């Protein structure tokens, strides 16, 4: 096949999600013929951020790039780790002097692949700079450098901001996939300009849960309006993501498919 | 078949969505063997609310109940219409003296069916009362009255609040379906207590759009951070919703399936 | 004097604020001829909530009632303490089964005094029930019981919700004072119905600070959009609040004055 | 006197506020010895934005500069007017190609005076770029150009973001005054670096109102959680603002005083 098959896995939540991804990613890549894997790890550390060690584990298990999101700084030691690991991304729309980067280019057998991450601003904390202007500028720069295969993880809350981003980058990015809501959407498609799109990839975490957290704790919170702990749930894990085939010559997405699989650790 | 097949269609957006639903609902009900149809009409009037006339049209076209959402009051004449039409619902969690109701019981060949609507509070305006406590209390009341088939449209922004509601009502409601984001999710399932669930039904509106609005206008707004008009988009309409089979004896959901169909007005 | 003079002190922040209030409250009451003192203690414990011990200390130092706010549950041990101490209030607009209460009646030489607390819903977490309906209902109940002197601490973010509350309770409450922004406003007045009003009392905390926190840390956060610790600031403490004289016969406020004093611990 | 006395008037609301400012500004400038007047006009047009005509009227009445805020684009014709009138400001933290500017330098008898406006991001719509970084960069540029007298109107919701801005610009700006909440705060002071500061100037609008709007309408909205019209209130108008004396040699603020005056149109 001449296409680069990209597998993207959505927000990995806690130990159950992490273990499932570490265990199954190598075989999944083989089984599905994946040439390039990307994993969103913003909830890998007990649901709150990611540590250097967990980042290393995900990369060793076969992720070419690990993206994050609004939880990026939850684990303090990640701040100093960022400058040492360009394959770990944070949202691009932080101020210039922020540790880390929101864009990286890596080689693949089919040529260079760029992975970018942006963060939305509707109902999102903290307040960041305009992701539309910054992602577009970075993609223009990459394309001038001859990079054609460009994958964007847009971490955002609202469907309007995510779809608008997909449309804004149509014809510029190869694939735009949303993350953050932890629930996969059913609107995968290829836009007219050739950009593969999905509003949200969903998470990799316990399927009997609320976004990876214990059901009882979250339900209690909504009923009582009082704070409580939200332990990571247990039980079978659902891996959610997207598989996209990109044409190395044009950078266009030629196929996009949602991915879901429930796995049980025995 | 002994089951009641319920078809629910998500937020109908503007004239294109409305025309498509009015035109296709009768045949869809026949084709799919639907015994009870519910339509969310909160964006039927040019994207903003619903008028008495549009409510009547949807009911005449075969909707047993029309639900709404945060846009319920956008068209002023709806306020005085509510007391005259119990099959038009607004979120149940308004203060006691609010016009209209958030719950209605109707007869079906398989027995009484209750339809309820609640509105979420995470990132939602206006601030309303606790939907978890109010929906649960109303369902307890209905079940004491012998109503077993209970459908809930939970109009909310965040996946966490919607999944928590589905879980909170598991074993109490027959079906809990979310609306408001206009994008269908891919997490349909039947919870252990027998409640069919989907985080969001998606919308009935122009498929080349941002939530039913013109792509260019919304993208421009996110880039410029300035206000603009968001005209309803045109082109093919995608009808999105859910089909659920409910056992009249137990009130349990025995099957739940996502529904999507693109239709073109000729 | 026939009037009851009430001193209210706004949000006590951390050890500096707490020490200053504990040290100066007894002498302030004498100096100012205060008959009834109320202190908002929601930030007494290192800026985050209040502990049973700190509540006891404030009551022993001369506060008749301690109010709180959105930080009420920050210290876990306060949950079980609430049922034992009716003079510690939490916002009234929690669901019915919540520990604690949002209203208390105490005796004073001039007769019974009620203190109430509500929490706003504009830009406030968590989502609570309608404070306008609940405060008004509680005040109606109190007045039917013959209580005329009624003080309300309305803990809210926006000026619109606070002023609307003051106006909604005009002629029903004796005094409505806002808290939560930690900055005193300059709009004290007596409304036509006899209710004394101030949008925000301000805080009791380090005056060279951002809401009681170290200036450098908060400025850094706004520049970097990254999380950081916000240590309690040090240096001189500014005590902020309000002094209101209430007519025991009518319950009307006859005078309201802002209070500010900088104190230095030596 | 060698100092430049600046009078700043907060958000002018609707016809009552506008008429009062137009009528009283000339005499106020004389009476108070004002050398430079600035008026926030974001609510001048019926509460929603400002028109070219109203901008001209305020400038003719003696305002050297008119600032705005989040309501800046409410009146459409202002978009094309901006490029023609540099003395009308919009928040500086819009994207580069936005009409208008957030900074202007004008001559005064004591030398050049810069006026800047920024908009906060906490609880503010729309999402804009980082006001801390942009205001600081612009002030650095101005100071390198030899401008020493620098006045900043920071239009923001929260006290934390406003105080942090005042502190961030301490020693760089001559005066930092907040707007947007329509309620004057009582925390005027000169920071150690020489910057005069007030969290909010308050509004120029009907004093028996909720932020300039009819009391009944706003109270009803909070009770009913339903939309309604908010007509501009009538009755006496309170002019609110701040008077600051700036040393032209150093750019330091040497005195800052709150200003409030109730005026009645006869």
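By letter and in written order, the chains are A, B, C and D; residue numbering begins at 1 in each of them.
Definition applied: contacts are C-beta pairs under 8 Å (C-beta built on N, C-alpha and C of every residue); 3 or more make two chains touch, one makes a residue touch a chain.
Each chain and its UniProt protein: A, B, C, D = TIGR00282 family metallophosphoesterase.
Note that the structure is predicted; figures quoted are calculated from it, not measured.
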| item | value |
| --- | --- |
| Same or different residue numbers at the chain C/chain D copy interface, by half rule | same |
| Comparison of B-C and A-C (more C-beta pairs in contact) | A-C |
| Chain B and chain C, separation of their C-alpha mean positions in angstrom | 42 |
| Between chain C and chain D, centroid-to-centroid distance (C-alpha), Å | 30 |
| Residue list for chain C, restricted to those that touch at least two other chains | 95, 127, 130, 133, 223, 225 |
| In the complex with chain A, residue positions of chain C that touch it | 73-74, 79, 94-95, 97-98, 126-128, 223-227 |
| Of all residues in chain C, those that touch chain B in their complex | 95, 121-122, 127, 129-130, 133 |
| Residue ranges of chain C in contact with chain D within the complex | 123, 130, 132-133, 157-161, 163-165, 167-168, 181-187, 199-200, 202, 210-211, 215, 218-219, 221-223, 225, 258, 260 |
